[in-house]
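Per-chain residue numbering starts at 1, and chain names A, B, C and D are given in the order in which the chains are listed.
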Amino acid sequence: MIDKISFLLIEGFRNLWRHKLTASTSIFSVFLTLFLIGILIIVGQNSHYPIEYFRSKYKIEVFFNNDTSDAQEKIIIEKIRELPEVRSVTPITKKDAVRIFKDQFGEDVVKMLGYNPLPGSAVVNINKDSFEQVNLEPLIEEIQSLNGVDIVRYQGRLISRLERFYQMMINLLKISTGMILLVSIVVISNTIKLTIYTCRELIKTLQLLGATKMFIKVPFILEGIFQSIIGASLAFFTIFGLMKVGNHYLPQLVTLRIQLDLYFGIGLLIISVVIGFIGSYRAVSKFL
Amino acid sequence: MIDKISFLLIEGFRNLWRHKLTASTSIFSVFLTLFLIGILIIVGQNSHYPIEYFRSKYKIEVFFNNDTSDAQEKIIIEKIRELPEVRSVTPITKKDAVRIFKDQFGEDVVKMLGYNPLPGSAVVNINKDSFEQVNLEPLIEEIQSLNGVDIVRYQGRLISRLERFYQMMINLLKISTGMILLVSIVVISNTIKLTIYTCRELIKTLQLLGATKMFIKVPFILEGIFQSIIGASLAFFTIFGLMKVGNHYLPQLVTLRIQLDLYFGIGLLIISVVIGFIGSYRAVSKFL
Amino acid sequence: MIAFNDVSYFFSKEIGVKDVSFEISHDEFAFLIGPTGSGKTTIMRLIYMDLMPDEGFVTVGGISSNKIKKRKIPMVRRKIGMVFQDYHLLSDRNIFENVALPLHMVGIRRDEVRERVMNMLNELDIEEKEKKKPFELSGGEQQRVCIARALVKEPEVILADEPTGNLDPVAAHDLIKLLENVNNEGTAVFMVSHNYNLIKNRGHRILEIQMGEIQNQ
Amino acid sequence: MIAFNDVSYFFSKEIGVKDVSFEISHDEFAFLIGPTGSGKTTIMRLIYMDLMPDEGFVTVGGISSNKIKKRKIPMVRRKIGMVFQDYHLLSDRNIFENVALPLHMVGIRRDEVRERVMNMLNELDIEEKEKKKPFELSGGEQQRVCIARALVKEPEVILADEPTGNLDPVAAHDLIKLLENVNNEGTAVFMVSHNYNLIKNRGHRILEIQMGEIQNQ
């Protein structure tokens, strides 16, 4: 039994060499698909950077009624701060408003009028680290309904466009990854089918000599798995290399840093073994 | 001669059928790569929509010196309008400023002071339909240097980030398209190599029977081209179908409309024939 | 060892074998002769169950073609040493590996495999071709590799389809002698041949087939 | 038609053919005999320039192996009708297409191809197999397809490597007759055979080869 297993294992390895051409084709396919999948995973992992950046720019301006006192404003601001979607609130008191007015228009409005006509306000920043689409409407309504709040201003249309766009990207990523995985299984299975087709004489001969199905199948399945693993390793190291280069140059361009860890490698490996097994098993079963 | 040509043409066609398995594999590969290329082309064609949208939001606010008259402001605005990067300029006269102030703060500043302390200003919108990265610095400096202009305000960092991001996307698109094209040639050529490898007995026999190189090569090359064309057609119709569906649902989501025309089809066809020819020629020449 | 019971098999109307019945006992040496296209190879394929009878049944080593499960066919074939008319050598393996294959299939130890294969190659005078690929051998040498592969597993019965077609008279005679030796050690031999001169006067049974029907036994 | 001038070809040290010289005129019928592995197929391959001599040169129809450009080799092969020891039939084409191939190569009209191929299949008694694939034929039938393919192009010389190995005595005799007819119409024939009984007493020249060297002519 052990002799048989070792024979089949060695056969699986040697098949790789015997079928150089088919093997290299399917290694290349695996490499390509896993490379794409790897890139997509990395893009996915980093996709929150840009949206977080934009979200940190979302600015909700809350203007208080002219007759609310600074103390009242503080209470309202506390209430806003406790809302779950809110990250931080920057209060702009009536005094601050005067200063801002002066910065903008070069005039001291209090000096001119003898009193401060400007209302207090606050700038609300929202939580930015969600992969989900952020919908500001309910938050705005809640703030609006608070006692003492006059108007709430925010870039509604722009934000919802950005968020929708981001959500579309995430969905696209997921769909693409799924499709590529499927495609890679089909491609591997097709290439192994080809290998087996090329070997149909050999298979016929083995059958005539009394080989069991397993004896014929196992080397092909092993071959498929080996091919996948090789393709996956190539993909891993290519991505790794690109990341090294990327991380070197990217920081100067944009603020995305790229993470690549052991889990990623193990993940690719497992995916590849699964792809290789399913692909070659499918193919072998088609012919035997 | 005509008999020979017609024989070879028919052989090319029949090879497709004889090599069903290899043929379907390479048709599938072509389909896949051309599908990807097609999608990339379409994304590229439409990539200006989002950036144009964002660019239409770029707002450069020009504040005039307090002592410039409305007439002087008009002249400056004309000058700005004539700058090549500028699409439109919306003047905000001192009077408009008063109205805006009233809208914002609920007070009539002229009534309060007896005179208008607010300076005139203008909002500059820039040309949005460029595939190039837009760099606002020179424009800003130019406007700043005009006589009578006090300060120029714009969302510098946000804009330059957006523009860099956009430029990166465009570059990524170009690189990906190039890589995919290359890859597809390699894949086709590999698959045809496989086909030929599967047929090495046949080729040997043909050679022994006195076939010239051309006689052996032509059917394989034709086969490769046919495969490519079939793959390209499949890709075209799939993309076409997806577009139909996409155009049906997209308008409700975002304002990108997708264009797909005859040129696109012809382009794919030409690409496919070129890929098929180069791929199969490479492969055949390797073995003969 | 082998029994045909009113076996018919048709590739198409008129083409195939009809109502074939005969028996070969476990220590017999029998020839099958007949003109080209008369159905000799078809009979062989029915024995190793590459074809299944349309009518009647074939029994090999006690296993009958109408009862056997598909999964069990390899077990029947392992009892049979087959010399195919078209060799069926594996072109991507060398001679040693080709001959060793039936032994690996039944899980024999590597060193024992080596010993038995080399003995067999020696016996057939092709030991120096051990490392060559089939296409590097002459027609007759390939045929002998095929014979070595059939004999190496020490089968219960040897089926040889035209095993002397590419052998010169001396080599052909040597082969018959070798098969007779194997037969004396208790292995049944059933051999197809056109070469009537080679097989006559050896005292073995001769079956004749014509147009798919056995003529005399 | 064919001339060997001190030709040597070595696959490896000791293995191959040595100092072979002989001539076959344009209307001759000659046999080549010799034991398995003696170099008969190697001689044939040298003639159709599948192998190029290491020493000496081979002349076929006035074209010499040491002067010919690689591009021109197909032209030599078109003059030769070859029956290969291992048939070399195209497994994915039917019998008709296999036999028609040499005619398509030289650009003959479809209807003429059809006529000539069917005549040839008739002559060799395999016309009803026209639409079958090679694997659907018996060994002897395949061999006759290979012969048909060699004859159909009406070559200047016919090389036949063991063309009777899978034929029964009657069919083998018929084939020799057929080749003699073709020879009478002015085609040279050079045939390898093991079957000395078949070829003796026919009044044709017999070349003998042993261990790569021609023994007597």
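Remarks
The rule is short, and it goes like this: a residue touches a chain if its C-beta (ideal position, glycine included) is under 8 Å from a C-beta of that chain, and two chains touch if they have at least 3 such contacts.
Being a predicted model, the structure only gives us computed values, none of them experimental.
Compared with chain D, the chain whose C-alpha mean position is the greatest distance off is A. As a whole-number value, the distance joining the C-alpha centres of chain C and chain D reads 29 Å.
Centre-to-centre separation of chain A and chain D, using mean CA positions: 67 Å. Annotation: 22 Å between the Cα-based centres of chain A and chain B. Chain contacts in this assembly form a single closed ring in which each chain touches exactly two others.
Each chain pair that touches appears in this list: A-B, A-C, B-D, C-D.
Across the complex, chain B meets chain D through its residues 1, 3-4, 7, 18, 201-202, 204-213, 215. For chain B in complex with chain A, the touching residues are 21-22, 24-25, 28-29, 32, 50, 53, 57, 66, 105-107, 112-113, 117-119, 158, 161, 164-165, 168, 183, 186-187, 190-191, 193-194, 197-198, 253-254. If you check the complex, the residues on chain D that touch chain B are 48, 50, 71, 74-78, 80, 82, 84, 88-92, 101-102, 104-105, 107-110, 149. Those residues of chain D that touch chain C in the complex are listed here as 11, 34-37, 40-41, 85-86, 136-141, 144, 161-162, 165-172, 194, 196-197.
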